[in-house]
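Labels for the chains are A, B, C and D, by order of writing; each one numbers its residues from 1.
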């Protein structure tokens, strides 16, 4: 199964009631210690290569495994600003405000609360992709913890 | 001079955007039909491109990510794919026009038939893309393109009634004989030319080619603040020359050869030679800019290795894209199509490409995960939002205006 | 930067990973993250509700199936193992040089069959005009 | 050819609606006019004649400037030749716009005939200008009787042709 198979799949409640679509898939990245050790490593890379993030300002973590945490379920498809509403960004007004409004009601369900996933296997069978939630699932807030935290 | 060289990227970008072959003719058409009454559009366009190119340059310098990578990342494969198709079409059409434009300019200089120059021009463009260092390319093509300043010199030598030119420009209104729809068609065409998306693709990728970092934000500022206003100035002088010499004679510009007549009248053969050299350089520069942009956009969308700073073998598909684009351009030109008419078609694709390019730039320039402390300030954001509205209105209005006026005729 | 051992970072696939540039340790672009393959605990099939993790980054043809529908057997898709990922920032950086990745065979093919054969194809433009 | 005719149709309607209708209506009218080129209102036909004549005037005036500059030695031979060649193309367009026009009544038919004559006169003058320019740069044509002897002769011929164009334009209600 790929993340792409889950995205935009229709989400059904335990009783089969439609709840929305999968707008995103939340993962948990294991952040590991820089092998080279500490904050100096970033600067070394800058000289060694061209395409590395050229500034220490942008967030960049050394990562290990990536675990599947859950699915973000929204009232409609993700549209064109994938995930923009889950960040704390407020400018440029009014774009974030409009996107957030469009995605009001988006919630997170834990992967443990997913009972079944049907992925369309035939060509053009895109509409058949469905995710059914388990009985007693909980709707969690969709916001991501702030980037600086 | 040193400052001018430091701004070579901005200058080449602006020359390719403001005075490429389509705009050389369009500016003269505008001057000969509407006088200076559309000068405000050039000013509006300069401010807009300065705003967004500086954002794109800042994003590239701080995060190392060029504009089309951001377009894909923020819009996802579908919407970015639509932008890619439209932008690639604009790149290809403009590249076609520029290769034809180089041939037209060389025809002026030599009276050898343009068709014979086309393969030569295309080969020369490819050799530069294949072989020449990015900085050398931008210095030579950008600064030679500035020879078009001959139009400004010509304007002074013509000794026009400055008061009259100013009266045409403010308050702006279409001359009585012209239909308002034609006036607005040209307004949109000029604005679209100033804001044409390949400028930000080229500028931001050029920033990566030149290895800008957060320390180069000053260079970024110099580039946009020097380059684009210079481009706008050239654009205005061409229109003004036409307004002074051709408008009173009742001449409607339809070809490149008419564009240079005021220069010959003002400065004789010497100034004419300077300007023709400038036209060759400007169209050549625009050809390089659009050929590279076609490679940049496709490579950045699909994640391929790209860049002129790499050996061609280390960016194989990027170079293959540019070769194919040049071959297509030559193929289109061999059908004897009018290169200037080709650029008119790109207006249609701008309607898709403009919003889908400038929205992601504005959004990412506000994202602290990309920009850290270098996110947009309030004033830039306010201006950016206002310009987004203008861009969308212009882009949407372009197509009905083009149909209604038969492309301004 | 403080010690981050054991810390975890929550990311959303679409927002933070999909469509991002993949770079090798020398900064050479390898591809874009066109999809992410998931796997169960032992590397087997994912089961709903059971522990799952990202197994590989998929690059290239998978984009066409995401855009236009259809399906390609997973084994046929060019993939980069998630184990080879070093850093996640505005780009995804690998710990393995691109020449050792099977996923970039198209680039290699174009290079070896076409571009490198044109005179000057291996010329370094930075070395002088 | 088809593209050219369509272009001319768009053009005449633009001018005409400019005088009579709101811009919004123009969009629809133009789109329709582009589809049915053979049925024209008398006003549209007249406007098409005026448009072609305006193009001819533009070409003639351009030629006048080019000849003057070449006589003063302010322009090179190749540039002058390209200018004149481009003007011949414009005149060719103007002529074909007139020949493909279907006049709906006798008045517009007469205007068309006058217009064609005027455009033809300008074309003759531009052709003469090219011959003069070629002779001036020392080709085989030097000394040929059919080539105007001086720039002044040429400009006189051009003025006559442009006067005829102006008259025809005034008749067609042009600017």
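Some notes on this structure:
The criterion applied here is as follows: a residue touches a chain if its C-beta (ideal position, glycine included) is under 8 Å from a C-beta of that chain, and two chains touch if they have at least 3 such contacts.
The structure presented is a predicted model; accordingly, all values stated were derived computationally and were not measured.
By count of C-beta pairs in contact, A-C exceeds the other of the chain pairs A-C and B-D. Rounded to a whole number, the gap between the C-alpha centres of chain C and chain D is 62 angstrom. Computed centre separation for the pair chain A/chain D is 65 angstrom, with centres defined by C-alpha atoms.
Taking each chain's centre as the average of its CA atoms, chain A and chain C sit 18 Å apart.
Chain B and chain D, compared by their mean Cα positions, are separated by 32 Å. Of all residues in chain A, those touching 2 or more other chains are 50-53, 58-59, 78, 82, 84, 87, listed in ascending order.
Multi-chain contact residues of chain D, defined as those touching 2 or more other chains: none present.
Counting partners per residue, chain B has 63-64, 76, 309, 369-370 as the residues that reach two or more other chains. Taken pair by pair, the chains that touch are A-B, A-C, B-C, B-D.
On the side of chain C, the complex with chain B involves touching residues 14, 18-22, 28-34, 59, 63, 66-67, 90-91, 98, 106-108, 110-111, 114-116, 118, 120-126, 128-129. Residues 107-111, 177-182, 245-246, 249-252, 254-255, 257-258, 260-261, 264-265, 268-269, 272-273, 276, 400, 403-406, 409 of chain B are the ones touching chain D in the complex. Residues 46, 50-59, 78, 80-82, 84, 87, 89, 91-95, 147-148 of chain A are the ones that touch chain B when the two sit in their complex.
Per the touch definition, chain A reaches chain C in the complex via residues 1-4, 7, 23-33, 38-39, 48-53, 58-63, 65-69, 72, 78, 82-84, 86-87, 111-117, 120-126, 131, 134, 144-145.
Here chain B touches chain A in the complex through residues 61-64, 74-76, 79, 208, 211-214, 309, 359, 362-363, 366-376, 378, 381-382, 384-385, going by the rule given at the top.
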